[in-house]
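Structures follow.
Shared between the two complexes below is chain A, which has chain B as its partner in the first and chain C in the second.
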Partner chain A sequence: MPTIRKTQVEFEGRIEEREVIVEEEHIESWGHDVEMRWVGKPTPRVDGIARVTGKAVYTHDIQLPGMLIGRFLRSPFPHARITRIDSSAAEALPGVSLVWHKGKQPAVRSLDGRAIFVDEVNYEGAEVAFVAARDERVAEDALALIEVDYEPLPFASDFHTATAADAPSVVLGEDNWIDREGDLYERGSVEAGLTDADVVVELEFTTPVAAHCCLETHGSAVAWEGDLVTVWHSTQSIFGTRSSVAEALEIPMDRVRVISDYIGGGFGSKWGAEAFTLMAALAARETGRPVKVVLNREEEHLVAGYRPGTYQRVRLGAKQDGTLTLIEQEADVTTGAFGGGGHVVGGPAKDLYLCPNVRTRVRAARANTDGARAFRAPGYVEGTVALEGAMDALAHKLRMDPLALRLANYAEKSPSRGQSYSYKGLRRAYEMGAERFGWSDRTASAQSDEGPWRRGVGMASQIWGGGGGPPANAIVKLLPDGTAEVAVGVQDIGTGTKTVLTQVAAEELGLPLSAVRCVVGDTLPAPFGPGSGGSVTLASSTPAVRSACREALRQLIELAAIMLGLEEAPAGDFTVEEGEIVYGPDPEKRIPFNQVTAKMGNYMIVAKGARGPNPEDRAVNTFGAHYVQVAVNVETGQVRVERLVAAHDIGRVVNPLTAESQVFGGVVMALGYGTTEERVIDPDTGLQLTPNLEEYKVPVMVDIPEIEVVFVDVPDVEANSVGSKGLGEPPIIPAAAAIANAVFDAVGVRVTDLPITPKRLLAALRQAATESKEGTR
Partner chain B sequence: MKPFSHGNATSIEEALEALSGMSWPLAGGTDLLALMKEEVAAPERLVNLKTILGLDAIAERQSGNENEWHIGALTTLSALSQTPAFADHLGLRCLVQAAQESASPQLRHMATLGGNLVQRPRCWYFRNRHVPCWRKGGRRCFAFKGENKYHTILGGGPCYAVHPSDPAVALLALNASLLIAGAQGRRVVSLEDFYVMPRPDRQREDGYHPVTILEPNEILTAIVVPEPQANSRSVYVKRTERGAWDFALVSAAASLRLEDDVVKEARIALGGVAAIPWRANAVEEVLIGQPLSPELIEHAAGAAVAEAKPLEHNAYKVDLIKGALRQALQI
Partner chain C sequence: MAISFRGPGPIPIDLNVNGEERTVFIEPRRTLLSVLREELGLTGAKHGCGRGQCGACTVIIDGETAYACLTLAVDCEGRSIRTIESVSHGEQLHPVQEAFIEHDGYQCGFCTPGQVVAAVSLLEHNPSPTEAEVREAMAGNVCRCGAYPNIVTAVLDAARQGTGRDPGVSGATVASGEEG
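Let's turn to the complex of A and B:
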């Protein structure tokens, strides 16, 4: 009988108490010594060939008969009032189906509580008008024909201007502060931490605004059939999208189907339905034709979110032996006009080290830009840059090995929650990474300077959630020919989800991988699955698949027992071996899986499964450490990352191939964050100067170092029945900090203003040279 | 993008007849089409030059007692960078280096040398359709007091955008000249005279202040590079923020002829520092007649930036160009 229980789930640094329906008996986790056939084996993606041959259908690829294209006219001002808008010429243009704006509102005016077409626009790119037309060119021509008069208003682009005494209002009538007092966390006291300290370091950091740069820009295509609406949407959350579409259109949820079979990049900014989704749905309903709206590259930079920039101050106190007495971190975050994005910048400071006195405060203010959004380990990337940079400075001041300093402050229990960890393999990750990197021989590499190139090494560590939790469901169907279909309401945003779900199902069912087909990214066939954020997808959904497969096998064994004439035998006496159901007490009595299903005729075994609760009174977290070698050119200011070893503890590694890919991707993003990527807004006009991939510089292949990945790979048997945790976010967290620390090791100057571009590095070197000259005078 | 018409030219004469203020030549299109998509340029008609045969040939020719290289203006950057006669030629290899370091492989397959030389600035204000900057016919340069980390340190305004071409810098060091065809006939112009500092009196029909003397009804047909004298060598050095597919922060091209380690001839060109590819006469004066010692190189690097007037955010370019020049002179 189902019961309702409470369970704790961590999502992006925040702990939630959730009620969970527990349907069946507890499934023991696969232990350390269980022989596995598929799980843990390097497994090529089940959809890899479709992806690399162009057969995979992304939202951008959707082409439907009679489909219209929708485009937005967007504000060319960071802040303005629209005083006049005239769309008559656009409406008269042949091929234009409809035009909407504040004077010609669509049937539904707002999404998630915010009106779309309004008098006051608060950021460059804000929606001013929408056009649906025969094709993109006609739509663009129509936009050019819409006459708009704007009254430009004063604006603020940055935390400092927005919070200055005489700051203009970012949103008229609203306070520029979103959180003036700040999100405060405190244990112990700063005073005690300072009193107990032998050594104190204090540093200031600036982190940039970073763009997600999804290769598939945001977009939706919508088609109605009667009162049923199908939404193709490039999203990390098909069920979240379904809820908000149903709510916005005021239609029952069962009329909405969301499909997101392939997604070209989901890093936090594709979290549900957006204004363009709603416009496409409304325009499709009004015109009776499918409508597709996809953002172009410039729009992707202007209105699809970003990791907010921060100004941070960190103060650490320690005893002479390295024991931390104080961690204090203050962060000021610039979000958009309407907020958004995670600001859990203090997360790592709370939990990465054992320290009695910790205080973190995160304040947030509005600015006249599009809203910030979650971006791969929101807050934790920013916070780790400062915390781990300060730890490096502290190690330097104490003349300690940076790794030894971290080990001296190792937290065996969750410092902020007081709970034991379900499993923590960070110590092992430190060791494995250090060994692979050759950390104990690091002075040798530091001495290999060549001409203007200086070598240096650095490291940084990381904590993140990723334990996942309920609710998550799965359905398994066993078909007459002995194959299985698995439907899970998650989406594969490129991480390999579909592949790991297939592995887990094949493992539990005792079937070859080729006999299992997994369907994700479609709300119609699949029961609920969580959105792919917070690194929860695998840890939430694979146990649900195990549970469904277990239930399917139970039914199959009942049938097999009948066929073997063993109706009375207890179910526990049967096992599944190599595709056969075997009666333990008499192994001669066995029947192949597909013989049982074949005899069922068209009867299908249909089983459902659910994710069980998280362990009681346990913190479930992921950990890791990155070790980096850089070469820094003191003449050109170039930072060349030569080598990076990433050691991660995520419990059991289900697929070493896709796991390694996750780390590659995270490291490359962090490399850009640390060295090349930066959104720039012109202070004079408030316009973005970097809304393209020329000026917003993601790393190119030659910038990418040798990345070596090692996993602790010890199953977290307390966490869930598969023993795995998430890996989407951990690898982006420590790399930029480790790079910055290695740069310091190379040149003896700490660049605390990211990214470390030639400009910043040369300026820091020049300043250091001036200071040392003055010092000797 | 504004609608436009498109026609193929089969001869230079035919192309010239079709060209006018708002009817522009199209070669690789890697710059022009992007300008049009970004709504920074809006020609009414494009005249495709790629259908003219023979404009993409590279040939060595006799001119008086000298040999010279004729590079057809439609030669792609990838073809140029794979020309053994240049790559294996110490005196000319800076051109190959500059071509190789331009853009990305895909762009180099499309982009032509002629188009590269006449491309418009990459300045992030100029390329923003909402910003009415001076270069586009507006009243002022937004970079001058704005975000100017990529902008000029030499030569002043009124436009502070740097010239983005890599090959132009190498060709300036190689003393190249350009063949230009116009309705009134052909003319030959040295590359140095081809580029002009921003001037208020020269303006195109669409408001644009051109970087070159090329008239709207003219076509650049070939680039002529004199065969360097024996013992010449050349180097192109480029500094960027990332490892590839990046415009130069700064660059330096040096073409030197040495005898017994003494500099007999020197042509030095700098990129990323001025509105045009910058001939560093002062550096040449320092070098010529002197033994190429580390002290001389240091002196030369100092001379390159003696007149530099950095803006608020680009003082780092002073160190950067000195380093690039030093490296170019050392090789």
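Let's turn to the complex of A and C:
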């Protein structure tokens, strides 16, 4: 019987107390020594063939008979008032089905409550008009025919401009501050921390605005059949999309089906329905034809979100032996004209180290850009750059090994919550990573310089959530031929979700992988599953699959017992071995799985399962440590990352093959964040100078160092019934900080403005040279 | 407002795609990518950027890799175009495809058709590349998920295994007949 219970769930640095419906019996976690057939084995993706042959269907690939293409006309100014708009020529163009703008638009509000087309545009790329036409060419031609007069308004593109005394209004009539007092966390006191300190370091950091750059740009395709609407949406949250579409269109949820079979990257930027989704849905209803709207690459940079840039100040106090007495971290961020995105910059400072006095504050202001969005470990990447950079500076000042400093402040319990961890393997991750890297021999390698190249090493560590939690459900059907269908309301954004769900189902059912087909990315067949954010997908959904499979087996064993003439035997006497149901007390009495299902005729066993609650009074977290070697050219300023060892504790590793891929991906993204990626806005025009993949520099194959991955791989048996936690975000968190620390080790100068481009590195070297000259005078 | 950029209307164009002669009726301004995806239903090549910056649309034209998003379809008359759809034959995958699956040389998969085509083309020109040659040859194919280490491993493995497997699958002459 379902009951309601309270459970703690951590999502992207915030702890929520949720009331959840619990409907399953407690399932003991797979232990440390259980012999596993599928779980824990490197398993190629179950949908690999579709991915390598081009047959995988992404939202971009949806083509339906009679489908129209929608495009937006967008503001060419960071802030302006629209004084006139004339779309008559566009409407007269053959092939154009409809044109909408502030003069004529459907009665729908965007999901933040504002009308989609308004007089005042507050960022470059803001929606000005929408066209649906026969094809993309006609739609583009029509956009060029729309006449718009703008009255440009003063703008602010960054935090300091927006918060200056005489700042222009980012949004007319609104305060430029979103949060002036700041999101504050405090334990102990700063004064006590300073009083107790033998040594204090204080540093300032800036981190760049980073663009997600999903290779599949954002988009939706929508088709109506009567009052049923199907939405193909490149999204990390099919159920979130369904509820937002239903809400915006004011239609019942059961009329909305959302499909996201393959998703070309999300990284936090693809959540519910967006303006283009609603326009597609409304235009499709208006015209009676399917409509697809896909952003182009420039729009992707202008209106699809970003990781906010930060200005940070960090102060650390410590005893001579390295014991921390104070962590103080302040961050200022701009999150766009209307806010948005996660910026829990103080998260790592609260919880990475044992320290009695901690104070963090994050202030947020508007700017004339589109809204920030969560971006892979939002806040934690930025916060870790500053915290771990400051820890490195402290180690240097104390003449301590940076690793020893971290171990001296190791937190056995969650410092902010006071709770024990379900499992914490960070100490083991430190050790395993250091051993693989050869950290104790590092001085030797750092000395070997060639010409202008200086070599250095650095490290940094990481904490993140990723424990997941309820609600998450699964449905398992056992079919007459002995195969199983598993439907889970999650989506595979490229992490390999479909594959790990298949592994867990096959493991629990005792079936070969090939006899289990897992369906994700479709709201119609599947019960609710969480959005793919906060690294929760695996830890939330695999236990639900285990639960559903056990229920299916329970039903199957009942039937098997009848077929074996053992109706009276208790269910616990039966086990499933190698595809057979075996009666324990008399193992001669056994019946193959598919013989039972074959006798069912067309009867189908349908079982539902649910994710159980999180353990009471436990913090569930993931941890890791990265060790990096860099080479720095002191003449050209080039930073070459040569080798990186990533050690992670995520509990049980369900699929070592795809888990390693996750770590590669996080490290590569952090490499870009640390050394090349940066959105640049021209201060004179307020326009982006980098809205494409040439000027916004993401890493390519020639940039990639040797990356080695090690997992602690100890099941977290308290966390959930699979013993595993999320890995999507942890590996992007410490790498940029570790790279910056290695650069310091190489050249003796700390570059605290990321990304560490040649220009910034040379400037820092020059400044250091000037200061040392002045110092000797 | 005068709009001269619309240009002339549709004209018939003959294209040889994956060994088949196809006639399409299109405006001369159309890119090869839009014709493959919208007219011929070949959606394996992806539109990642439309400006030759990501490589998701990589195809092989007369034996050379090309960005289909920067190629006008009218310029392809009389030339042989090969897309991801020609790389495998029925159930028979190309060694590069098998190696991508075995080594997890992808994550979201959106860039994968372009990566596979670029790798196939590389191995046709250079059957045993060094690791540095693989990285250089494929530097025009962005993978935002960062699957690069496994892509390199997959291409090198395919190169090692390639000679032992059916070498004809990637040739331009096998487009019809065998796969049934």
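Just so it is clear, the second predicted complex is superposed on the first by the 774 of 777 C-alpha atoms of A that agree within 3 Å, B and C clash if a C-alpha of one lies under 4 Å from a C-alpha of the other, contacts with A are read in each partner's own complex, and residues count from 1 in each chain.
Assume a contact is a pair of C-beta atoms (placed from the backbone, for glycine too) under 8 Å apart; a residue touches a chain by one contact, two chains touch by 3 or more.
Worth saying up front: this structure is predicted, and the values here are computed from it rather than measured.
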| item | value |
| --- | --- |
| Which superposed partner A:353 touches (first chain B, second chain C, both, neither) | neither |
| Touched partner set for A:141, first chain B, second chain C, both or neither | both |
| Which of chain B and chain C A:574 touches, first, second, both or neither | neither |
| Partner chain(s) touched by A:658 [first = chain B, second = chain C, both, neither] | second |
| Comparing the two partners chain B and chain C, which touches a greater set of residues in chain A | C |
| Which of chain B and chain C A:430 touches, first, second, both or neither | neither |
| Chain B versus chain C as contact partner of A:76, first or second or both or neither | first |
| First (chain B), second (chain C), both or neither touched by A:159 | neither |
| First, second, both or neither for A:699, with chain B first and chain C second | both |
| Footprint overlap on chain A, comparing chain B with chain C | 137, 141, 144, 694, 699-702 |
| Touching residues (chain side chain A, partner chain C) in the complex | 44-45, 48-58, 60-61, 63, 89, 135-137, 141, 144-145, 147, 212-217, 262-265, 267, 294, 296-297, 493-496, 657-658, 660-662, 664-669, 692-694, 698-702, 704, 707 |
| Complex contacts: residues of chain C adjacent to chain A | 1, 3, 5-6, 27, 29-30, 34, 37-38, 41-51, 53-54, 56, 83-85, 87-88, 93, 97, 100-102, 104, 106-113, 116, 134-136, 138-152 |
| Contact set on chain A toward chain B in their complex | 76, 137, 140-141, 144, 452, 635-638, 675-676, 680, 682-685, 687, 689-690, 694-695, 697, 699-703, 757-759, 762-763, 766 |
| Contacting residues of chain B [partner chain A, same complex] | 1-3, 104, 122, 124-125, 128, 130-131, 142, 145-147, 149, 239, 241-247, 249, 313-316, 319-320, 323-324, 326-327 |
